[in-house]
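In order of appearance the chains are A, B, C, D and E, and numbering begins at 1 in each one.
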Amino acid sequence: MINYDPKSWWGLIFKFHKSDTFRRLLPAMTTVAMFTGAVAYVDRDLLPEGLRGTNLVHSLLGFVISLLLVFRTNTAYERWWEGRRQWGALVNISRNLALKCNAYLRLGHPSRPVIAKHIAGYAVILHDHLRGPGKPESRPGGTHGPNLIANSLIREIDRLHRGGDLSGVQYLNLNAELTAMTDICGACERIKKTPIPYSYSLFIKKFIFVYIVTMPFCFVHEFGYWTILFTTFVFFVLASLELIAEEIEDPFGDDANDLPTEELAKTIGANVSAILLRKWEMVSSDSPKHAASEPTASAL
Amino acid sequence: MINYDPKSWWGLIFKFHKSDTFRRLLPAMTTVAMFTGAVAYVDRDLLPEGLRGTNLVHSLLGFVISLLLVFRTNTAYERWWEGRRQWGALVNISRNLALKCNAYLRLGHPSRPVIAKHIAGYAVILHDHLRGPGKPESRPGGTHGPNLIANSLIREIDRLHRGGDLSGVQYLNLNAELTAMTDICGACERIKKTPIPYSYSLFIKKFIFVYIVTMPFCFVHEFGYWTILFTTFVFFVLASLELIAEEIEDPFGDDANDLPTEELAKTIGANVSAILLRKWEMVSSDSPKHAASEPTASAL
Amino acid sequence: MINYDPKSWWGLIFKFHKSDTFRRLLPAMTTVAMFTGAVAYVDRDLLPEGLRGTNLVHSLLGFVISLLLVFRTNTAYERWWEGRRQWGALVNISRNLALKCNAYLRLGHPSRPVIAKHIAGYAVILHDHLRGPGKPESRPGGTHGPNLIANSLIREIDRLHRGGDLSGVQYLNLNAELTAMTDICGACERIKKTPIPYSYSLFIKKFIFVYIVTMPFCFVHEFGYWTILFTTFVFFVLASLELIAEEIEDPFGDDANDLPTEELAKTIGANVSAILLRKWEMVSSDSPKHAASEPTASAL
Amino acid sequence: MINYDPKSWWGLIFKFHKSDTFRRLLPAMTTVAMFTGAVAYVDRDLLPEGLRGTNLVHSLLGFVISLLLVFRTNTAYERWWEGRRQWGALVNISRNLALKCNAYLRLGHPSRPVIAKHIAGYAVILHDHLRGPGKPESRPGGTHGPNLIANSLIREIDRLHRGGDLSGVQYLNLNAELTAMTDICGACERIKKTPIPYSYSLFIKKFIFVYIVTMPFCFVHEFGYWTILFTTFVFFVLASLELIAEEIEDPFGDDANDLPTEELAKTIGANVSAILLRKWEMVSSDSPKHAASEPTASAL
Amino acid sequence: MINYDPKSWWGLIFKFHKSDTFRRLLPAMTTVAMFTGAVAYVDRDLLPEGLRGTNLVHSLLGFVISLLLVFRTNTAYERWWEGRRQWGALVNISRNLALKCNAYLRLGHPSRPVIAKHIAGYAVILHDHLRGPGKPESRPGGTHGPNLIANSLIREIDRLHRGGDLSGVQYLNLNAELTAMTDICGACERIKKTPIPYSYSLFIKKFIFVYIVTMPFCFVHEFGYWTILFTTFVFFVLASLELIAEEIEDPFGDDANDLPTEELAKTIGANVSAILLRKWEMVSSDSPKHAASEPTASAL
């Protein structure tokens, strides 16, 4: 993911980032421009009468194509945002697991580093799992990485319960988080493996293609060589929307707009080790300094 | 479901897959073209004065029909996506059930293969149940397949609890997953058995029909034989949207865009047997190799 | 609800079902046509100069009215679909209650038929409750039917718990389903008793009325008697959308598009008695034949 | 809230209810009409050449303003509907609390009337709390009414648990409902205290104002005094949408479209006292007559 | 957040608040006006023939840009509203924690002020955490404020449970609230750290820029110096929508439209100390005066 300042207008307008659709569409736009130019030349200089033009159909259907592209934009964005929410949920349950285990297990308990390792490892392996080439299922060795770690973690917690280190109530309190791990993994796999239905993808691309290809024939009579500018600009807008939607739709790749899953996995690792592996111990249970000082004082 | 690369434009534009609406609409498009041609012939060559044409009404109503079709597209897509989410949830709860039972039951416990068989069988039978001809309820023998398996699984788990193999807390931890199975089955039945209200389906089809049939009469005066192209293209766009929506709306059939429920059922079977039936046993509890090596090391 | 095949185009276009808006709007359409004809006659034949016409305002506002009607369509559809989801949830919890009680209570336990009767009865009485004339609250005798049955069921389950037939964990496992019954009833009452805000309903109807009534005056100058066709068709489209929305909005009546609550109540009754009252007993606990045979075999 | 029959068209079109936007906008509409008339007079009769008019900009921006107003309509409606759902949830949890306590506490238990009083009182005081003038927090005495009652109810239930009248499982079963009360109160406060962001409200009103004020100057050249009708009608439509949205947005006031919270509070009181205070006692536990007779018979 | 009366039209139309987009866009609008004036001057007075103009492309694409901006408005509003809901949820769980602890712990228990301090402190520190400069993670000292307090609170509750002051059931009842704290913190971090995908932000700004810059060239031929007004007004509308969306999108800053998190933190502090620290003690358990008097009387 690219960090940027959404409020800097000039920077965004004139910077042509390598993920910018303008750069990526340049070859196609050149082709469209040359094609339109050829149509205009034939119409103007070769045919005695020229083509009979009208913008009626493009106006009528311009509406449909706009609505379709916004529908496409919406669904792509929703997947991207759902992917983000799932990883946000992973951060939350990782923290909650760590916070609860920190409260439940005495300092220095030998399971603390094991649990910390598993929680942090889950995020890392899920990141790998979702970027893996091809279908996530088919990995060498046939093991499903996230399931492997979830398995270890659930067994560890259950062992603690049987051994008496976790009471029944404490075990119940942990159940939702343990279950959520696999739910998050499944949701990410679902987003990754299920693009928008084939028919829509096919239809939208065909529609854009026919719309752009027929445009010069309808407009060249009225606007002559100006049609080159018109057609190219309209093509840029329509194709950009489809291109961005394609990129956003699978938010777990290496594209410029994809989610910062690696960074999130690191955040989880740092948070979990801070909570479970000593760092806070002196501070938190006895003298929550920051919390105790002015803010709460002013609030109560 | 068709696996495809959404980023390959040329492939998608020029491949005419058998589920492509272009191929399926070809006969209807020919009819529309011939009808428009006939109207144009009568107008141009037979009537002395020709028809008085205007595009006003089609412009006004073009807006309504576009919005309606996008509404249709949206609801159809939402059902498809909800169906996908339900099956994703089935994957998740199957994994969670397997992971938890793996932690709760000792290695070699005789209930392990029974539970694995029921979990995997549920997905398979739900797949059959949803593709079954006609109403899912009315099967020969009158039994409701998914209920039958859910019944066996719930009884098995309850038996383990009563026999002392599952503690109360462990039983509580499994309750959500056992309940979710039937919820998922019910949600899929709901999607399958409840198409969009009859009135909307009727109205949208009537509207498209009248819109297309009146188009030649309004346009032929101004555009002559070009109207054939216009009308056919508009018809292609409107009818395609309705066709795709119809196909997506019930995502459990054998259509090209339908959900890969069979493949998902296989994934579930593979995951569950990997977890509950030995494969991981040596690895997971003692040396989670993949998890323990570099990724976690780098994260902590 | 009408069962129909959404893929049969010709059938849907040329069948004029009694719930079809075309049939229901016929008188109003005739009135609009006659009114427009009168305006055209006055304009053409009586007034020396005729009216000055323009389609500008109708184009501008055509956009607003379309968006409003799609907003209306959307909210009506969402209520209808929420109603369907609530009844789907009722099917699910009824099945889950039956499945769990079947696992928890020994064969031949005297509470089995009592529980089966209450679960099945809840759906039946909820159906009656939602169709009842006027406000559901005010029934002769003053009793709230669904509450009455929920009361009996909850007391029965609690009695079983106190008597030792249900362990604490089993009782906890049933709590969500017992609570959901009343939630579903409340949600259906909410949908039934709260139509779209009065102001919107009022405004949309007034807007359609003024839009249609002013149309002939603006169009008759340019299109003469053709305006009759235009105005009537536009009226048909706008009024149909509002009519359908009205019908869908309260999905618990007897309208053609309303939900098949009676059928769903029967499904629940059949499922529950199949599970709790013997039919499956021989099959399910010992030899889940269908589940055990080929499908699971192929999956594992 | 106004109870009305959404299917009565003529009634709704010709009744000018006092909350009708037509009545409320009449003075503003008169002003707009007079202003447009003045512009037309100056243009027609005073200026030798008249203004140069075009509808281009109003067409272009008519689209933006329509979409914005529908966005406004949508968000306002969603708040209204969320408010309704929250109160529906209050009905549900009140009934569930009553039903469960009825099952858990023996007949004649002294806590029954106390609990009934608190449940019913919560809805009444929440109604007051949301209608209270100004910010709900700052009441004379500084007490937060709903919290006060929730406090009493939670303490009462906890006391029953400690005293042995409620088992642990029964107490757990009540927890979700006890928690939901405060969640509902908080959600209603959120809706009440957070209107749409200031910038949007400001921008939409400014946009409508400029749009309407510039309209006569652009249209008067072409349409003369007819512009008065056009401008007034467009103003009526745009301002009505904004007016209705404003009214719907805070659904807890005394406006004609606001939610029937008082009536709902009464329903809750009636339901709770019917369940907990005797009325059903003879009927429900022994002979659930209505449930047992024909409906269930036909279902099983 | 600005408190305002959404029903005061004149105030809102003529007040130019410092957050008003009109004030903030004034310099840019001047530039656009001057640029358009220059184009008009060149066209009118320098070029013999003038430019050939058409509004066709701007009409076609005006549709796309409007839909895109409404998509932008929608997503920005949804984030803002989700942020509000999360803080509303924080209010709810804070109250619920306080209410439950008040019921569970005897008056004067030494943990009461500790718990009150932590609950109130959480909201305060979350407010600081979300306004902190740059990335919330990287604070001096490396501690994550909200986690620190959540840690203390969870440990305190667990300590009470182990010490016997909280029964198992009471501990279970508190678990959802303790978990929700961290979920809320994570959700707010997610909203803060994930703006709309870079590509969309880039594309929308580029699109507006090209749309506005090309406008004079297309319109100046037909409308001359009037184009200045047209272009500036269209620019004002499009840029305002983008500006407002940018501001709303991150609702935790100091912008005029941002959420009143500070005020909410104070409300939480006041509510919690009112519940846990004495103020209500005399009233609530024995004589819930307000609740007992007229409202409940009338309801029962």
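Throughout what follows, a contact is a pair of C-beta atoms (placed from the backbone, for glycine too) under 8 Å apart; a residue touches a chain by one contact, two chains touch by 3 or more.
Here the structure is a predicted model, which is why all the values come from computation and not from measurement.
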Which chains contact both subunit B and subunit C?
none
CA centre of subunit A versus CA centre of subunit E: separation in Å?
22
Express in whole angstrom the distance between the two chain centres, defined as the mean CA positions of subunit C and subunit E.
35
Multi-chain contact residues (two or more partners), subunit A
59, 63, 67, 168, 172, 270
Does the chain-touch network form a line, ring, star, complete graph or other?
ring
Moving around the ring in the sense set by going from subunit A to subunit B, list every chain once.
A, B, C, D, E
Tell me, which parts of subunit D touch subunit E in their complex?
52, 54, 56-57, 59-61, 63-64, 67-68, 71, 75, 116-118, 120-125, 128, 137, 142-145, 147-152, 154-155, 157-158, 161, 168, 171-172, 175, 179, 182-183, 185-187, 189-190, 194-203, 205-207, 209-210, 214, 246, 249, 265-266, 268-270, 272-273, 277
Would you mind writing out the residues of subunit C in touch with subunit B in their complex?
1-2, 4, 6-7, 9, 12-13, 15, 17, 19-22, 55, 58-59, 62-63, 66-67, 69-70, 73-74, 77, 80, 84-85, 88-89, 91-92, 95-96, 99-100, 102-104, 167-170, 172-173, 176-177, 219, 222-223, 226, 230, 233-234, 237-238, 240-241, 244, 247-248, 256-257, 267, 270-271, 274-275, 279-280, 283-285, 288, 290-292, 295-296, 298-300
